[in-house]
Amino acid sequence: MEKAIEITSLEFEYEKDSKVFSDLSLSIQKGEYVTLLGHNGSGKSTLARLIIGLLEAKSGKIEVFGKELNEENIYAIRSNVGIIFQNPDNQFIGSTVADDIAFGLENHQVPHDEMDSIIKKYASLVGMEDFLDKEPTSLSGGQKQRVAIAGVLAMHPSLIIMDESTSMLDPRGKKEIRDVVKKLRNENKDLTILSITHDVEEAFDSDRIIVISNGKIMFNDVPNKIFEHEKELLNIKLDIPFVYKLRNGLKTKGIDIDSLDEKEMVRLLCQ
Amino acid sequence: MNNITLGKYIPYNSVIHRMDPRNKIISMIIFMVLIFLKFSSVPMNFFIYGCLFVVLFIVMKIAHIRFRMLFSQLKALWIMIFILLIVNLIVPGDESYGYFEFFNTGWKIYYSAIYNTLYIIVRLIIMLGISLVLTATTKPLEITNALEWLMKPLKVIRFPVHEIAMTISLALRFIPTLLEETDRIMKAQASRGVDFEHGSFKEKVRAIISLIVPLFISAFQRSGELADAMEARGYDPSAVRTKYRVNKWHTRDTICISIVLILLGGLITLSVMKIDVVAMIVSVVESWF
Amino acid sequence: MPIKFSHLNYVYSKDTPLETAALHDINLDIIDGSFVCLVGHTGSGKSTLIQHINALLTPTSGSVDVNGIKVMNKKDKKGFLKSLSKEERKHQNIKEIRKNVGLVFQFPEYQLFEETVLKDVSFGPKNFGFSDEEAIKKAKESLKLVGIDESLYDKSPFELSGGQRRRVAIAGIISLNPDILILDEPTAGLDPQGSNEMMELFNILYKNGTTIIMVTHDMDIVIKYATDVIVLKKGDIILECKPHSLFLNDEILKELCVEEPKPISFAKDLIKNGMKISLENVKDTDTLIEEICKARVKYE
C-alpha cells in the first residue's frame, strides 16, 4: 500500500528551546481519512504547515507520496497537496469566486482556454456554480470555504488537509463542508484526507484518529477504541462523544449498559 | 464607514464598459495630451476645447455617467481655482494680449491672466471627466490588469511589473474586509467607553491608538495567512503564470482608438501648422455679407 | 435593568453594496436576571439586534429602552427629549448605557492594544471615569474571575495564547461591572474544555445577578444555560420560547440546520419507550444520567 504521508523523527521549534515536536513519527496510507485531534496549542496546525513546507523542520524527514520534502521537491509536493485553512476570509485570494478558483490554475500554468471549463466543473462540484461572479464580501463563511475547496480540487490533489476548516463556521456552514467532504470521499476512494480538528463528533466520521498533545502522539487508533480513554482525553482538554459519556456515567452509578448504539442503549435501559 | 465606494465603478453594460481597458487607458492618455496642445489664437483654443467638451459629453452619455458626478468632484477644486485666479491676476502677464486698468487704481489686469486661468479650469474639468469615464466604467482590477500588460516592456529593465500588479489587486481585494474590521474594532472600543467624536486632543489620540494598533495587528496576521494560502496553492512570484483574466481586443476597440488617433493627428496638424479655423470661419462668414 | 424593544426597524443605507441584514418591527422584552440565547443563521440580524442595546447602532425607526434610557434615531430622540423635564433629560445619556451594558464582540481578542494585560483591562473603567487605582482594582478583580494568573499581568497581551487573550478581552468588559452582559459567540473556535470553562464563567456572573444575552450556534449551550431563546430569521423574530420547547419544534431545528442536543434526543427516545423521566430536568449528559437513575429507582 502506498503511503501518503510518512513522518520520521520530526523535530521543530518556533523559538529556541521551546520545542513543539521533539521526536514525532507517523504515517498515513493513501486513501485514508485520518483525523488529527488535539486541543488549541497542541501543535496540530503546526504539523499541517510542516507537511506542505510552509514551515521548515529542524530535523527529521517528511515524505509525501514517496517524495522527500526539500527545496527541490516543494513545488511538486504542493501541487499534489491541497490545504484548506481555518479563516475563510484570509484564504480568498481572487476578487471573485471564479478568480479565486483560477488562482491555483494560473500558478500551475493551465492554458487560458481550459480554465473556464475547469472552474465551472469544480464550482458546481461544491455547489457554487451560480456564484462565479460574486465577490467575497457577499458570501457566507461556508460558501467561502467551499470556494477554497473548489480551488484546491481544481489542481487534482491526492491529499487534502483540512486545517480546522469548519471551526469558524456556523452550523449551516459546518454541515455544508461536511457534506462536500463526504461527497468527495464517495467519488474518489484514492483521495487521502487529513482533517485537523478539536471537534470530537466530526472526528468520529474518520477511519483513524491520531490524538496529539504537547507535540506528542498520545493515541493512534480507530475512533471506537480512541474514545475508550475518557480520562486521558479529558485530561488533555478534549471531549468524548455523547454515547461514551453516557455509558461511562451510567457505569459509575452501577448501571451497566454494554452498547454504544443509541437505539440499543434505549432498549436496554427501558427493559 | 459603509458609504465609501472605491474606484467609483458604476455597473452598467454600455459599450464603454465593454471596451478593452487597455484601449480605455491609452485613449485617456491621448485625450490628456490633446487638452495641452496650443493653437494659433485664443478663440481657436476655446473652439477646440469646446469640441473636446462635446466629445466628452457624448462619451459620458453613452457610459451612463451623470454630469452631477463630475461637478461633485469639482467641488473640492473650487478653492484651488480661486487661488490660481488671484495669483494670475497679481503676477504681471503677457502684454501682447493687452490689459485694462482695474477701476482707475493703476492695477493692470492682463487679459492673458484671465485666459490662462480659464484654460486651466477647462483642462481640469476635461481631465476629471475623462478619468471619471475610466474609473466609472472599468473595475479597479481590470485597470490593474491592463496596466500590467501596458508596462510589460519595463520588465526588460527589471521593473517588478507583476509583483506590483499582484500587490495592487490584493490590496483592492482586502480593502472591503479591512473596512469591516475597522468598523468592528471601533464599535468594540466604543463599548469600552472610547468616544471617537468628542473629547480632548489627548483623548482623541488614545482613541485612535486603540483603533490603529488592533487594526495593524490583525492586518499583519491576515497578510501572513494570505501568504501561506498563496504559497500552498503553488504561487511563486518569479515563475511564469498563465492568466485567467485576459483582455480581449474587439473591433469596437480598434474603431475607438482610430477615432482618438485621427483626432490626435488632426489637432497636432492644426497646432503645428498654426491653422486658425475660427479666423477662417469668421472671414468666410464676413465675405458672405 | 430591563430592556424593551418597541417597533424597532433597522435598514442599512440603501445605496451601499453591503446592504444585508435588517430588522423588521422588533418587539421584545428582556427582563432582569434572564439568560437569553439568540440563535439564527449568519445574516439573520442577531448582531444588528445586540448592537442596538448599547447604542452602537441607532434604529431607523422605533426604539430600544434600556432602564429608561431610550436608544432612538436623532430625529425621534429630539422629539422625545422635548417631552421630558430638565431633570429627566440628564438621565438620557448614551454613555450611561455603555457603562451598564457590556458588549463582547466575536473574537474579542482582536481589540487588545495596550502594552500590558493589566493596562488593557483597566482601559474601560478609566474611560468611564474611574480613578487609576479604582480601575486597576477592578481590572485585577475581573482578571482573577476569568482565571488569568497574576504572573501574566505585566506581560504584553500579544505574548499570550489565543485562549488567554480572549479571557483578557472579556475581563476588559467585565471590569465595568455591567448589569447586562452581551456576548457574540464567545466560545467560537475554542476547544471543548476552553469552551466549558468560558461558559462556567458566564454562569457565575449570571448567578450573581448579571443579565446575560448571548448569540450562539451551540445548542448544548442553549439547553444547559439559557432561560429564554429567541430565534431570528432574516430580520424577524420567528420564535421566542423556553429552551426545551425549542427542541420540540422540528421545523425550527431544521431551519436552523441544527440537531437537538444528544442528551435531549436520547431522553425523548427513553420517554417514547416508556421510561418516566421529566424532559425539563435534562440539561446535559450528567443530568440525563441522574434522571435515568431516579426513574430506575422508582421503577424498582
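Note that the chains are named A, B and C in the order they appear, and that numbering of residues resets to 1 at the start of each chain.
The criterion applied here is as follows: contacts are C-beta pairs under 8 Å (C-beta built on N, C-alpha and C of every residue); 3 or more make two chains touch, one makes a residue touch a chain.
Here the structure is a predicted model, which means the values were calculated and not measured.
With respect to subunit A, maximal separation of chain centres occurs for B (centres as means of Cα atoms). More contacting C-beta pairs link the chains of A-C than the other of the two pairs A-C and B-C. Spacing of subunit B relative to subunit C, judged by their CA centroids, is 48 angstrom. One simple way to say how far apart two chains are is to compare their mean CA positions; for subunit A and subunit C this gives 31 Å. In subunit C, the positions touching at least two other chains are 17-18. Multi-chain contact residues of subunit A, defined as those touching 2 or more other chains: 137.
The residues of subunit B that reach two or more other chains are 176, listed in rising order. Residue ranges on subunit A touching subunit C, taken from their complex, read 39-41, 86, 137-138, 140-141, 164, 167-168, 170-173, 175, 198, 200, 234, 237-239, 242-243, 245-246, 249-250, 253, 255, 262-263, 265-267, 269-270.
Interface residues of subunit C facing subunit A in the complex, by the touch rule stated above, are 17-18, 41-43, 161-163, 188-194, 217, 256-258, 262-263, 266, 269-270, 273-275, 285-286, 288-289, 292-293, 296.
Every residue of subunit C that touches subunit B in the complex is listed here, in rising order: 12-13, 15-18, 51, 54, 56, 95, 98-99, 101-103, 105, 108, 110-113, 123-124, 126-128, 158, 172-173, 176. Within the complex formed with subunit A, the subunit B residues making contact are 141, 169-170, 172-173, 176-177, 180, 221-222, 225-226, 228-236, 239-246. Note for the complex: subunit A touches subunit B at residues 49, 52, 54, 75, 78-79, 81-83, 85, 87, 89-95, 98-99, 102-112, 115, 119, 135-137, 151-152, 155.
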